[in-house]
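A, B and C are the chain letters, set down in written order, and residue numbers restart from 1 in every chain.
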Amino acid sequence: MSRPFAVLLPFRPGDGLAGIAGHRADRRAAAGLALAAGLILVHAAAHAATAGAKPAVLETLWRWTPFLLGGFVWNIVISALAMAVGTALGFLLGIAQISQVRAVRAPSWFATQLLRNAPWLVLLFYCMYLLPFQLHVFGTRIGIPDWLKAAFGFALPVMAYVSEIVRGAIRSIPAGQWESAEALSFTRSQTIWMIVIPQCLKRMLPAWMNLYAIVTMASVLANVVGVSEGLTAAREMLAAEQRVELLLPVYAYVLLWFFAYCYPIARATVFLERRWAVAH
Amino acid sequence: MVAEWFRQLKESANVNLTIFYDRFDGLTYLNGLATTVKLSAACLALSVVFGIGGAWLQRSGWAPLRWLVNGYVAFFRNTPPLAQLYFFYFGVGSIMPLIPDGAGGTHRLFDNFQWAVISMSLFAGAFNVEIFRAGIEAVPKATTDAAEALGYSRFGAYIHIVLPLAFRISLPALNNNLVTMVKGTTIAYAIGVPELLTASATIWNASTNIPEMMNVLMITFLALVGILVVAMHRIERALHIPGYNR
Amino acid sequence: MAAGGTMSGISGDAVVSLRDVHKSFGATEVLGGISMDVGRGDVVCIIGPSGSGKSTLLRCINALVPVDRGEIVVAGMTVTSPTLDKLALRRKVGIVFQQYNLFPHKTALQNVMMAPIHVLKRDRREVEELARQLMRKVRLSGKEACYPGELSGGQQQRVAIARSLAMKPEVMMFDEVTAALDPETVKEVLTTIRELAEDGMTCMLVTHEMGFAREIADRVYFTDRGVIVEHGPPKELFGSPRDPRTREFLEHVL
């Protein structure tokens, strides 16, 4: 099975994520990093002279790095969970969108559009305020921690985007595939799961990876509703240090961490998109 | 009269929509709506300017300038917009010069609204650079050649021939990005800009009508996005050149 | 009636029979009252200008396209009945398309094996043996592990034929199966079809290969604008067409 797939039409992005997904690579990855690193350095240098007895900015950043990374881990946990839940539910929603039954198709279309066009922060607020803080299961109370609610809050828009990715990918499969499956007596659900979806997966991967990077970046919104994550850690650090000259370098440092995590994903996405577009 | 009906609604159905009968809540909400619209409009204009400017600079013959633009695009696209906002408002804001306010006190250059506009425009602008770049690249070289053969200068051909075509090609992707941007204006809540989310939170905290206000907020945003989409489609159709589709 | 031999189509043992079949897409009538009978073991070719409804006709026979009016009976099943068991029908009627429509994510052998395993629920090992046998039959031994994208058009089309045969159909329909192929690979596909016909398989072909139709067909139908203009043994239809429209068409293509 090591043979490469050789056919497959180029992925035709649908609407929605298309603009974001279809982005081009910049060959100078370093330029972005240099820009941010430069900001920190210039600023640190400017303050080195005036700092006096206080420890230098870079030294302080270094000292707090484990703490900041501890916060950053939550961004990864929350976004990974949101992706897992959102992808599973979004997949079903996307398939429901192409159902032949109007009573299934219409509500799933509506839910997708609703969740896709609502601001992420508003959906997050919905989940934080309106989800119960504990569940009663067989008489036992199970508490729902805030970060879990937040993850669910991010899973909602993920669901809508995945739904659109799935629908777009399914629609990009040539009609002949459906027709020949039908002629071979495959049922509709067999056709979807055995013939259409396996061909779609590859087409969906770049858009899905791009979505993952977006969710990781969106996960800092949890800070706004009081869930601890990377940006919260940065604010706690600033509150503890009480030094104005730290404000700029600390936030730049946080940006840098996200860049270091998300940029490679973006590059990989572009790489896969190009490679599979050529395989046409 | 309308107010009376909503007061009744609270009594009879326990649906408390204060914004329709309480003058203060109503004004708070309207002010939020106006702020969101202003914020969106300002970001929309500025991000398109950043986009066109960046795409133009990317074609510059001077390599360091191109690297700078590429760096800007890569960095802003791959970092969280909220962290960018904090970076600008708290970080860069802290080193802005102090300006006398005329009443004996001072304040920093740029307030939270202005920082929100700058930060969010830079974010959306980074995407717009890529969108316009793709549009410009999609204009066939032959078209530019023909313009230059007719005596247009490079700049003239860019302004009169390439840009008008590239803009049309870019429109669908631009629409998507602008919708994302309008939705994204909610993050200004984090630095206290009194936009819709801030206004709604103020109201639901004071009147303890969280579910009602959340639904109102959601519907308002869906309406705003809907209006934007319809408007952009109108523009798209108005600019459509018969027989020219890629 | 002088052609003799295989004129079984007129008799009562028709495998496929159509009576006054009508079909419109919107305002365009594509089938305007088609009647024909195909007997067991017959090879029938349908020729005619593009857009004369030939492909739609085949799609109606295995219920891929519903008809508006008329009756179709295939192997004792009334296709036009509202209680039709579509799956049962399609097991009896194989169709091969112009664009092959192989499943690109499966190897050639898997393409042939999929439907018998998942639709007919047959034993995998048994099916694999059948599939290998069919690959040999279409002269593609050794290509079992190739993905469709690694095969030439002609090879893909023969895999598509094997895939249909794996369902053990009673009738095989070919919809312009050579139209998308390079001239060099047309021959290998036609050879496969010829061998099938010689084995006694009932075949219905929509084709532009007049030479092949003349050689292989028991009967040829000429259709134009949704109706059968004339039909008969190839010698008669090609040799002395009666209708001026047939004559004009043949002058153009021959």
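By our rule, contacts are C-beta pairs under 8 Å (C-beta built on N, C-alpha and C of every residue); 3 or more make two chains touch, one makes a residue touch a chain.
Keep in mind that this is a model prediction, so the values were computed, not measured.
Shown here, the protein chains touch in a chain-like sequence that does not close on itself.
In terms of C-beta pairs in contact, the better-connected of the chain pairs A-C and A-B is A-B.
Averaging Cα coordinates per chain places chain B and chain C 58 Å apart. Averaging Cα coordinates per chain places chain A and chain C 49 Å apart. Each chain gets one centre point, the mean of its Cα atoms, and the points for chain A and chain B are 21 Å apart.
In chain C, no residue touches two or more other chains.
On the side of chain A, the complex with chain B involves touching residues 15-20, 22-24, 26-29, 31-36, 43, 114, 117-122, 125-126, 129-130, 213, 217-221, 223-224, 231, 234, 238, 244-245, 247-252, 254-255, 258-259, 262-263, 266. Those residues of chain C lying in contact with chain A across their complex are 62, 64, 86-87, 90-91, 94-95, 97, 99, 101-105, 107, 114-115, 118-119, 145-150, 160, 163-164, 167.
Residues of chain B touching chain A in their complex: 67-68, 70-75, 77-84, 86-87, 90-92, 94-95, 127, 130-131, 133-134, 172-174, 176-177, 179-180, 183-187, 189-190, 197, 201, 210-211, 214, 217-218, 221-222, 225-226.
Taken in their complex, chain A has these residues touching chain C: 3-8, 174, 176-177, 179-187, 190, 194-195, 198-199.
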